[in-house]
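In the two complexes below, chain A is the common chain; its partner is chain B in one and chain C in the other.
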Partner chain A sequence: MNEEPRIGVYICHCGVNIAGSVNIKEVVEYVKNLPHVVEVRDYIFMCSAPGQEIIKEGVKKYNLNRIVVAACSPTMHEHTFRNVLIEAGLNPYLLEIANIREHCSWVHSESREAATWKAYTLIRVAVAKASLLEPLKDITFKVNKNVLIVGGGVAGLSAARELALKGFKVYLIERRPVLGGNTARLGRIAHTELKGKDVVGELLKQVVDNPNINIYVNTEIIDVSGSVGNFKIRVVRQPRHVNEKCNLCGECVRVCPVEVSNEYEFGLTKRKAIYLPYLGAYPPLYVIDHENCTRCLECVKVCPRNAVNLAEKPEEIELNVGAVILAAGHEPYEPLIGEFGYGVSSRVLTLFQLERMLDEESPTKGELKINGIQPKSIVFIMCVGSLNITPNAYPYCSRMCCSSTIKNALVIKERYPETNIYILHKDIRTYSRGDEQLYLRAGERLIRFARYREAPNVLVNPDGSIDVRFFEETIQEEVSISADLVVLSVGMKPPKDIDRIRTIVKVGCGPEGFLREAHLKLRPVEAATDGVYLAGTVTGPKNIVEAIDSGSAAASKALTLLVKEEAIVEPLVAVVDDERCSACSICVGICPYNAIRIKTYEDRRIAEVDPAVCKGCGACVASCPTGVMQQFGFKDAQLKSQVLAALYK
Partner chain B sequence: MEKPKIALYWCASCGGCEEAVVDLADKILDVVNLVDIVFWPVAMDYKIQDVENLPDGSITASFINGGVRLTEHEHVVKLLRRKSKLVIAYGACSAWGGVPGLANLYSREEILRYVYHEAPTVENPDKTRPQLKTKVEEEITLELPDLLPRLLPLDLVVDVDYYVPGCPPTPDVTWKAIETLLSGNLPPRGSVLGASDKSLCYDCPLNETKPDKVLIKDVKRPHEVLADPSKCLLTQGLTCLGPVTRGGCGALCIKAAMPCTGCFGPLDEVIDYGGKAISYFASIVDYADEEEIKKVLGKILDPMGVFYRYSLPASRLRGKIILAER
Partner chain C sequence: MSQDLEPRIVVFACNWCSYAALDLAGVSRMKYPPNFLVIKVMCSGRVDPQFILEAFRRGADGVLVAGCHPGDCHYIEGNIKALRRMTLLRRVLEGFGIEKERFRLEWISASEAEKFVRVANEMYQEIKSLGPLKLQETV
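Presenting the complex of A and B:
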């Protein structure tokens, strides 16, 4: 574009958000004298329909060819104003935003003079860059219709179900050898006759037989390249060592000499190195835990159907998908040894252990017995691992523990009406439908609620008896309760390999480690990375209903992408000057997205950027030793003009 | 028709650039046939006075090598600028300061103290230093030029029309530059003459031996490794500056299994040669752990000497600012 720049500058008041601390009148006068500026207008809300009209009129009246909007952050309205440029007949990339709200009026509200001076500077910088902007063309490419779902818990299953019903192909990968996630290990779900694994079973019915869904258990994601609509995924499937010929006869389990703690019973029992995770598990096959297996081959010898094969190797699989749904779930908070007596006394259990014990399929057949004795006095301590109650606790509320605790307390009261039950809490948050009634019923059944501020002390006496001491907030007195059983209502925490996954998929996280949505309120199931969606507890604690909801929501969001034939990405990508690239290859190794390759054309080697893969991070541009790698929208000359405009008036 | 007049002058230079001109071998005779040399202190007996007597603008081109370090250099280059149509910064020192430019890491006082008192080979019990004026006899006072506070590349002292890179420029580059100047078809002012517009990697015979990704696990100095002359030296951990250095030298050092030290300087788009060099070199160290990276990069004992060997005075850094110096 060689024509003389004719810049229109549109300054937004944002009500009083900007005008409250920036002297708009003075800014307008100042901007009028900047080079290439032809028109300057201000308006109360530039993003409103009349505001947009002002820009369109200006383009027409003054034949403008570059637009600067001085308003809020480009994350807010860059898209809006780019559309205005399109409607005005301009290329949308001839727009530059000067952020005089978040970067200026909001942070300098204490000084009108300083805020106004900074607005001068920010607009001067934007005008300098605008005069060097070039028209750019959006990059479009075909959308791959397949979807990868990471995580086979209820959220992942729910998302898989929706997508498959719509006819899209789903690859569902699960790190564990079994589908169902944490829900599968839960006992009876409140307000239903269903157990956790029944809920999972219902979802599985709609998933496992659907030919659109390919299930990979024992499988982890190891690499992602490409971008929205066109991801290339590499996953690695660990061997199960037991194939479909297995008919669950159990001979192998009988002979296996290895015993380890059973994570599906929260460590209440032991399991063998060859095992079925739980009754009704899918896939319905034994699995060998190869970390603990000693390769003694006893199971191979005894298997009547030759279903065991210890020679299986990990397998790497490549998948091409258009969208990725992360439903990697959570882990229950595991108290430290000694925290509230956990791991020190056999009379201290977590809520999940208690719930397993109350299950009819548990080792005690649903009988509540500690060391063979039925406890007469039970103390529940809530918020363990949550709400900052201990130094290593997380700051958030885990949302499901209040209802779950009360539900279990009621089950105990039903089976053992003579038991004294105390629930020590910071606060009761039974917010789900029907849960408040559970709370009221607990009161009616004489379950006692007491409120602590400082975390209670659990004293394990030399004779094994336990005293729980705390300061009761309501009666304002020190209280000591003698307990036969202490149950710790533990919360949720991010799964341990979440950092690995999010680094691969390029999704941000919040301070506690849960994944971060594109917008907390407006885009709760989308990641900031286009084409990546978030479902279930991977974004924070949820109950089962919420997790299933968010799975469906993520699927529906993914569908809005998948139904399109073409995806569009911003053309703000790196580009090589073919004529002058020396093929030094530095950029190839530096690119974090594998978007650059050295290609040979008629004996000439040059670097080539795949614009569909490039994310516009600029690492190659900064590292290019000869300066021939440039980035559209951020060329050296454009950035230099901004720096100079910032430093000199 | 009168032959074009040419002047050649040296400032803070090792003399290599003068040798390079002589290295044109039989072509020097072609040059002499085509031009009149009016000033060449290293080879011909002209005096400053002879230049002063020439009309302003009468010299077609002055080739000046070496950085400007003495008051005398400053005086002569300003004179040559006045007398010449074109001034050509010939060689790395003149263009960006060169190896003598690394002295900008020290103050004038530090340099004098080291050279005249502290260097291990110096025997100077009376702590004598050269004086600007020395009375030899009653009537005779000898004068020496003064040392400037720091070495300056030529274009920080006078306007420079063209640059010829190299330490020294190779005969091939020198000849191409002369040909361009004599052709009358002059490139835009400020251009580099005689060399390539791509980096050395483009000319490098080892370019095709590079793996997909150039990443290194260790840094080696040339004497620490028996380099494989058939494999990209950078991938062998040597600090080869080929990627950031203008090509045109014919990859002479590479062909002798020595890494490029950068004497042909930066490409046109690069603002700061050393900065660019550090930027790409640091980013190919293949560790995620910061401590590992520090350990590997810590093996570059003299980063200024490696990355700014030829360009410190022309860089954004310029040198070390010594506040104590008056």
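Presenting the complex of A and C:
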């Protein structure tokens, strides 16, 4: 746009919000004399219909080609006024907002003189930038209708179900060889007759046979390029070494000489290097744990159906999707060796180990026996790994442990009514529907609750007996309980490869390592990166219901993007301004989104920005040594004009 | 006309955290000296050290660059890029005889209006007691 700038400045009173602290008349007089300013008007509410009309009339009457609105923060009404410009026949990016409410009248109401000075100074800065504004075109792009879901726990399954039911194609990848996540390892779920794996089973029924869902287990994401609407994803699938011919006869397991701790039983038992994670697992095939496999080939020899193939190699797969849902879940907090006697005494278990033991399909067939003896006195210690109770604990509450602890204590009391059960807690948070009744029932069944101030001491005596000592808050006394079994109610922590995933997908995390939502309250299932959604415990502790809910919510949010044929982004992207680029490539390395490539033309090489990938941070612009890299809406000349105008005296 | 206010302090605030913190200071009706003039950038990583040199050359008494906390950057780590540049810039400013109190890089999240007000008050006091910036002839 080479024509001379003709700027209209529209100053809002915002009722008394601005006019109460700022001398509008004085501001109008000042602004009239600024360069390129053709019209200045003030009005009680610029955002109202008559206010908008004033702007449109001004554009027509004075042939204005730039607009400055001095009003509230651009986060409030920039969008409104951009539409006014469109209606007035102007490009919407020829608008500049001077924030004279939040940044001026509201904070300087104690001095009318100071507020007035600041108001016209801010307008002077806005006018300076406005005179250098250029018309910009929104960037539109076609939206790919497929979705990648990372994580096959209940949140990922729930999201997959919703999207597939609406006819969208889903790629569901899972790092482990089996779907179901942490829920699959849980015992009976409170208030239901279902076990964790039954909940997973119900979801699986609606997922595995849906032709819209492609499941990849043993698969991890390794690279993402592109952006919202058009992601190119690379995943790598580790070999299972057992194919669909497997009919679960179990011969291979019998001959396998390798034994390792069984993570699906929380280390309570051993498994072989070829194994089925748990009964009812999906996919229903054995899998070889190639880290521990010794390649002895016994399983290959014994398999009657030739289903085992150790020659399989990792396979890289490329997927094109429009949206990504991260449902990578959590891990249970693993106490340190020696922490509360864990790993030192066989009489110290985590809550998950206890819950596995109480399951009828457990190695003890549901019998609670420690070293062959049924414990008479059981102490649960809650908040292990949570609420900062130990130096390496996390600061947050893990939400599910109170209810889960009480549920398991009630199961024990039901099966072994003679058992003395103590629950030592920092606080009881049975917030979910029905959980408070569980807590009350526990009291009725004479399960004893005690509140500790500092983390209890678990003393493992030389004869193997255990004393748990702590200071009880209610009775204000030191208490010692001798225990046959200590159960540590461990909380949740971020999954171990979350840093790798979030670096690839470009999502921020909070101080504890869980992924960050775009807004804690208003956008709980969206990442700040467009087209990336968050489901389940990957954003922090949740119970099963909450995880399934958030899976559905993330799917629904992704659908608002996927139903569109084309999506629009603001064109405030980087651009290589002219041909002086020397292809030094500094910008290529600086760009966090791989949006810049060095292109070779016949005789020279220059950097080029892919506007569909660029997010408009401007880091490349600030790093460009020759100044040929610029950002629309934030060009060097525009920002410098603001600096100058701010300092004009 | 109202009297020109001194000292004059230029603020580069990122769109996502610090600009929003200044908005919140307004919504919460907090008070801070009016000498701070905000220029919005999308990310603190957009702030070219040349802007800051230019500001001092043109008569700024202080410059504040405000971005999201490390780990919270909307663009992953634009703020870390700013940190690297500003660390180097500090040495350049020192070479020009510009007192270190005149330039600050601060992490101010969208909810930290109070932190902005604290930083603004501190900077105002420090710069006020230094007096107007007098650049050496060589600049």
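By our rule, the second predicted complex is superposed on the first by the 483 of 649 C-alpha atoms of A that agree within 3 Å, B and C clash if a C-alpha of one lies under 4 Å from a C-alpha of the other, contacts with A are read in each partner's own complex, and residues count from 1 in each chain.
Basically, a residue touches a chain if its C-beta (ideal position, glycine included) is under 8 Å from a C-beta of that chain, and two chains touch if they have at least 3 such contacts.
This structure is a prediction, so every number in the text was calculated from the model and none was measured.
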(message) Applying the document's definition of touch, where does A:590 land relative to chain B and chain C: first, second, both, or neither?
(response) both
(message) With both complexes superposed on chain A, which partner does A:449 reach: first (chain B), second (chain C), both or neither?
(response) neither
(message) On the A-aligned overlay, A:111 touches which partner chain: chain B = first, chain C = second, or both, or neither?
(response) second
(request) Please indicate which partner A:625 is in contact with in the superposed arrangement: first for chain B, second for chain C, both, or neither. (result) first
(request) Return first, second, both or neither, reflecting whether A:396 touches chain B, chain C, both chains, or no partner chain. (result) neither
(message) For A:636 in the superposed arrangement: first (chain B), second (chain C), both or neither?
(response) both
(request) Go through the superposed model and pick first if A:617 touches only chain B, second if only chain C, both, or neither. (result) second
(message) Can you tell me whether chain B or chain C touches more residues on chain A?
(response) C
(message) Under the contact rule defined above, give the chain A residues that sit at the interface with chain B and also at the interface with chain C.
(response) 590, 619, 622-623, 636
(message) Give the list of chain B residues in touch with chain A in this complex.
(response) 197-202, 207-208, 210-215, 242-244, 247, 266-270, 276-277, 279-280, 283-284, 286
(request) Would you tell me which residues of chain C are touching chain A in their complex? (result) 1-5, 8, 10, 16, 20, 22-23, 25-27, 29-32, 34, 37-43, 45-51, 54-55, 58-60, 71-78, 81, 85
(request) Would you pull the chain A residues touching chain B in the complex into a rising list? (result) 580-586, 588-590, 597-598, 605, 619, 622-628, 636
(request) Note which residues of chain A are touching chain C in the complex, please. (result) 23, 26, 30, 73-75, 99, 101-104, 106-111, 113-118, 121-122, 125, 506, 508-511, 516, 528, 572, 590, 592, 615-619, 621-623, 631, 634, 636, 639-640, 642-644, 646-647, 649
